[in-house]
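Multiple structures are listed underneath, in structure tokens.
Consider the two complexes below, in which subunit A is the common component and subunit B and subunit C are the respective partners.
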Partner chain A sequence: MKRLMLALAPLLFALAALDVHAQLTIEITQGRDNPTAIAVVPFAWQGQGTAPEDVAQVVDADLARSGQFAPVDRADMLGRPSTQKDIFYRDWRAIQSEYLLIGRVLPQGEQMRVEYELYDVTRQQQVHSGAESGPANEARMLGHRVADAVYEKLTGIPGAFATRLLYVSATRVPGGKDYFRLTLADSDGARPIVLLESREPVLAPGWSPDGKQVSYVSFETGRPAIYIQNLATGAREQITNFKGLNGAPAWSPDGNTMAMVLSKDGSPDIYLMNMTTRKLTRVTRHYAIDTEPTWMPDGRSLLFTSDRGGRPQIYRYDLRTGTTERVTFEGGYNARARVAQDGRNVVMVHQKDGRFHIAILDLVTSRLQVLTSTELDESPSIAPNGSMVLYATKHADRGILAAVSVDGGVKFRLPSREGDVREPAWSPYMGR
Partner chain B sequence: MASGLVFMTGPLCFMAQAQDYVDVEAERAGRTSSSAPATATPGAVADPYGVRPAQSYPATSYGVNSAPAAPATTTRPAASPSGNQSMGTLYIQLQQLQQEVMRLNGMVEEQANELRKLKAQSLERYVDLDKRLSAVGTSAAAPAVSAGGNNRPSAAVATPALPLTTGQGAALPGESEAYRSAYSLVRGQQFDEAVAAFREFLDSYPDGKFAPNAHYWLGELYLVVDPQDLESSRQSFSLLLSQYPDNAKAPDAMYKLGKVQYLKGNREKSRQYLERVVREYGDTNSAAVKLSRDFLAENF
Partner chain C sequence: MRHLPVAGKTVAVLFAAAFLAACSGSAKKEEEAAAAAAAAAAAAAQAEQQAAAAAASAEQQRLMDAAAAYGNVFYFDFDSYNLKPEAIEALDAHIAALQGSDATVRLEGHTDERGTREYNMALGERRANAVRDYMVVNGIPSYRIESVSYGEERPIAYGSGEANWSQNRRVELK
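Right, the complex of A and B next:
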């Protein structure tokens, strides 16, 4: 037996940050020309000793990463107000901050409460106030939720900071066998938790629509099989064991069905599995390769990649009429589509001048825009608010994750200090 | 390629079940030999475990060769046992037919799409012509129409570009030719070259008859070049608007400014421009008014 399973991870909830070296860090490579200046004052800690987590720093970093905000350097702040009466607007006008965010962190036993207020410095008035509570050991998540609220208030688009990422990393062992990790992390790469570690490849991670379960393909038995895993309990189940390919699982928007690729009846085709009865329905029937299914948000049609036209292109299958139509026409290679929640923007891998980029296609205008300037880009995954696209690429000969805004204006990288990182999957909104 | 061939030498290689694996491995081999996105660092081939993680699985990512069965087809005859010669020949012919049908299928899809686009364009052109003809009766200058929601300068937009005048009289010597050649680059979709040509044009004929058009096209082009240059686009449209407020392209430029500001993330400025288009040109038959209304309704 050449294969060796190292660990299952049923103890999720008990695990904190496992491995500092595996954590993704963030380098902003391109921002907007005129980001909004906002001062995120360190939140006042109202418990004993020092605060366990700098929540304001989390908010600050989230807003900066969006590219739409330029948080003021703490060293430039002329005061550190935490309540309205301590605010001197001239201090903030002096450093040309357009908005001001202040807050307080209150410990409540195992829980923690963050209260915050957002002020418009020019108009000298409060524009938003709110509070977030949650487990004290998830203080960073509270920060992300505050950032979501501030982002939505100022841009009109819901934030997607309080979300999570799945990704696969491969670590080479010189002279030995590589190992693969399926990792769950916050949207900023912090708090990585290893869900699965295996000496055999792990592929195609994806989310259930409620964000409570994940699906993936693992070769741990020596052959590909689809697994689902509950994040809260760690319970894990192998749902396919067919001859040939078992791949590319994709949960339907209502969570009742899973689209997948099987080659048990010949060439790879798309199938649907009823998640209750586990009954299979065949969707495509073609001697070409049909693969990488993904659902339109209304659940009425699927996009998939097929080379039935000689070259890989994106097609749409309508589940009600049973008709298939081609979606992409620009370029000789378009694959691995993912659809934004608006059902209008589709991101995909697009080949241009021999290089693989991430492109976005507007289904209404049929306009295709190449978003990335890196090459060898793959596996795009779109944020639940449709603002950013996360993808895998190569940088300095390493597989890393990178992100780009859907207008191409903001770019950042999330390099890992160890191993090659691939196949990111951005979670849906969690617990909303 | 070698790893893919190993699987093809079995006696049952022509049977359907084996075919799955053959295709898969051929696909993988194709990926390894060309630089598909998922391919590992070169040199890892010697280590069987080094190759595996880097190879992408066809179910999640496509091979770059995009004709996965092709290598299998060409290598199969050698592997076929002689007793099954005729079966093998049949199988190869079937494979070739499948490849051929796929290629033809792709052509049909693409031509159907071209037809659809041409139909839409000719309708657009007709509507535009009709609009300009009716405008001749009411006002001197007809509004230039930009294709609905489509930033890419297309042939449909092109028609009104040349005859537009600014009321500054005749073109300078050589100006028409210079403008025409810059404009042909737009038509040829050579956007980077077109940017350079229009800039050169403006250097030579800063006050020329076609200068406002050149500013307009530069604004459009900065949006479609890679990387997109929103700030330059904004400057071009702003310049057109401030220097030639009465130009027929003024409402279009204003609408475009609204879009550019939107792309830059300035929702408020964007809305101001779009509302200004509706307010100032609402009673003209400029297409920019409708586009602005649509954009406002859709995004605000």
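Right, the complex of A and C next:
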């Protein structure tokens, strides 16, 4: 395969910031019945002038978005302690806050350090303390890392706030060609960066397992082709150029292989590409549609969608034995699976009563649970901690992103004021 | 002048002229007459060719107009890639026009928004290939046909509901 370095492609993929109208916002539509009350006190800024970023607000919003916490309104706080000696527990008991988070933000040249302590108000004791450091212009990411630590301390599950999202948006041009954008943003939708803008379709974004590269399909040559792009350098490479479909790229957990769909030999089949040699291996060989490959976390098998039984269902291919088994049996349309890191929960698009929902299948118990109640839900992507599922849906005839917890208890939407947003891809844990 | 039973009037005239010239040796008049006859015959042949070409061109134009009248979009039922009778009728007109030319065509397959994007990409390809296969079976060589699927990425109608969806399940011939 000829490698095409397209570092100077006639497309905008420089780190261009989106204008604020295109940024996603968050509307929590359903939380838990008894969320944990926590007061996240504004962190004390210990530098000159005003703080460049309200880091505590980032923590507050993250915890609220999880649906498992009810952060105390700042207007209700009777004090603003930033060190232990300033804490009066009765002030926090009075407003029924179960936990209290205080902290300090210290500038260190181009760097920034956030120190914080978490207290149990009832027991009047510190339950956790920590510090996060990083570039000052990444202050929001420091807030997300504090939120990750607090979330883990209080729920026992690692947080996934210090992660990022890829998504595709399209601006409609009736009677003409829509604008397509591939955007990278923080897990809360903040700091969006356009990686690619095109008048031809862009789809199927995904991550390398180290979070340093992204893959996607672009029609910029007039035909579909798979591209990979390094986020740090912007270097971009077209890795396929076959006749027919070139789609659904999915990096293996070890990063050495990419599963993809090609129809060069007739009908759509799953292939594996060695990412070093670019050599192809054919996985499925069937006249039916075989598509949407995704890896089990151990890298030993693939899940994929096939209509070989008449309707689209999820199948599992064992790479060592070469055997294929059907995974889904409930309902007439199950497609585009994504597997949680536990290797047990599988989210997918599931049709019920003519509507497309997001469902979760427990591979151990074979229990399938429908998580959403809207009707054109697709492209589920599971958080690296397995807690939430991001997906695309329609709201007021617009494509938007939404999220639901894996137990269905928490729901929120991420509407954009512009365009149709779809195909979210939640990053793996980054730089840990 | 003798009329020789040789195919092609121009050849016949030239043959006759050469024969006459050979018979009469250096008879200049006859040479001139033969040359004039040859020129006249060539002109007549050219006119005949032009007339034939004009007739063929008119016929080709008629076929192209007939194809154009059907439009270049063929619609499909939900989750189906079977050609509908009206699509076949339209395709037959396009095939007739294509048989009189060496034009290449691009078939773009599309789906509605229901179902997953990658599955729809495959469905769009099946639709484009269904049209391609029909054209090949009816005499258009496959090297003249490029098919590409856009799945659900390029809707004609943006809204939901069958009124919009039915416009989006299509193959466009370009």
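The working rule: the second predicted complex is superposed on the first by the 411 of 432 C-alpha atoms of A that agree within 3 Å, B and C clash if a C-alpha of one lies under 4 Å from a C-alpha of the other, contacts with A are read in each partner's own complex, and residues count from 1 in each chain.
Definition applied: a residue touches a chain if its C-beta (ideal position, glycine included) is under 8 Å from a C-beta of that chain, and two chains touch if they have at least 3 such contacts.
Computed from a predicted structure; not experimentally measured.
In the superposition on chain A, A:291 contacts both subunit B and subunit C. In the overlay built on the shared chain, the residue A:223 is in contact with subunit C alone; subunit B does not reach it. Of the two partner chains placed around the shared chain by superposition, subunit B is the only one that A:309 touches, whereas subunit C remains out of contact. By the document's definition of touching, neither partner reaches A:235: not subunit B, not subunit C. Looking at the shared chain after the overlay, A:94 reaches neither subunit B nor subunit C.
Applying the stated contact rule after C-alpha superposition, one finds that A:329 touches subunit B and leaves subunit C untouched.
Using the contact criterion defined above for the overlaid structures, shared-chain residue A:178 touches subunit B and also reaches subunit C. Within the superposed three-chain arrangement, the count of touched residues of subunit A is higher for B, of the candidates subunit B and subunit C.
In the superposition on chain A, A:365 makes contact with subunit B only, not with subunit C.
Of the two partner chains placed by superposition, subunit B and subunit C are both touched by A:356. Residues 172, 178, 201, 203-204, 224, 244-245, 247-248, 261, 263, 268, 289, 291-292, 305, 307, 312, 333, 335-336, 349, 356, 376, 378-379, 397, 422-423 of subunit A touch subunit B in one complex and subunit C in the other. Here subunit A touches subunit C in the complex through residues 172, 174, 178, 201, 203-204, 219, 222-224, 244-245, 247-248, 261, 263, 268, 289, 291-292, 305, 307, 312, 333, 335-336, 349, 356, 376, 378-379, 394, 397, 422-423, going by the rule given at the top.
Taken together, the subunit B residues at the contact with subunit A in this complex read 16-17, 19-21, 23-24, 27, 35-39, 41, 49-50, 52-54, 56-62, 64, 66-68, 98-99, 102-103, 105-107, 109-110, 113, 148-152, 226-228, 230-231, 263-267.
Across the complex, subunit A is touched by residues 113-119, 121-123, 125-126, 148-151, 153-154, 158-160 of subunit C.
Taken together, the subunit A residues at the contact with subunit B in this complex read 32-34, 68, 155-156, 170, 172, 177-178, 180, 201, 203-204, 217, 224, 243-248, 261, 263, 266-268, 287-289, 291-292, 305, 307-313, 326, 329, 332-333, 335-336, 349, 351, 356, 364-365, 367, 370, 373, 376-379, 392-393, 397, 407-409, 420, 422-423.
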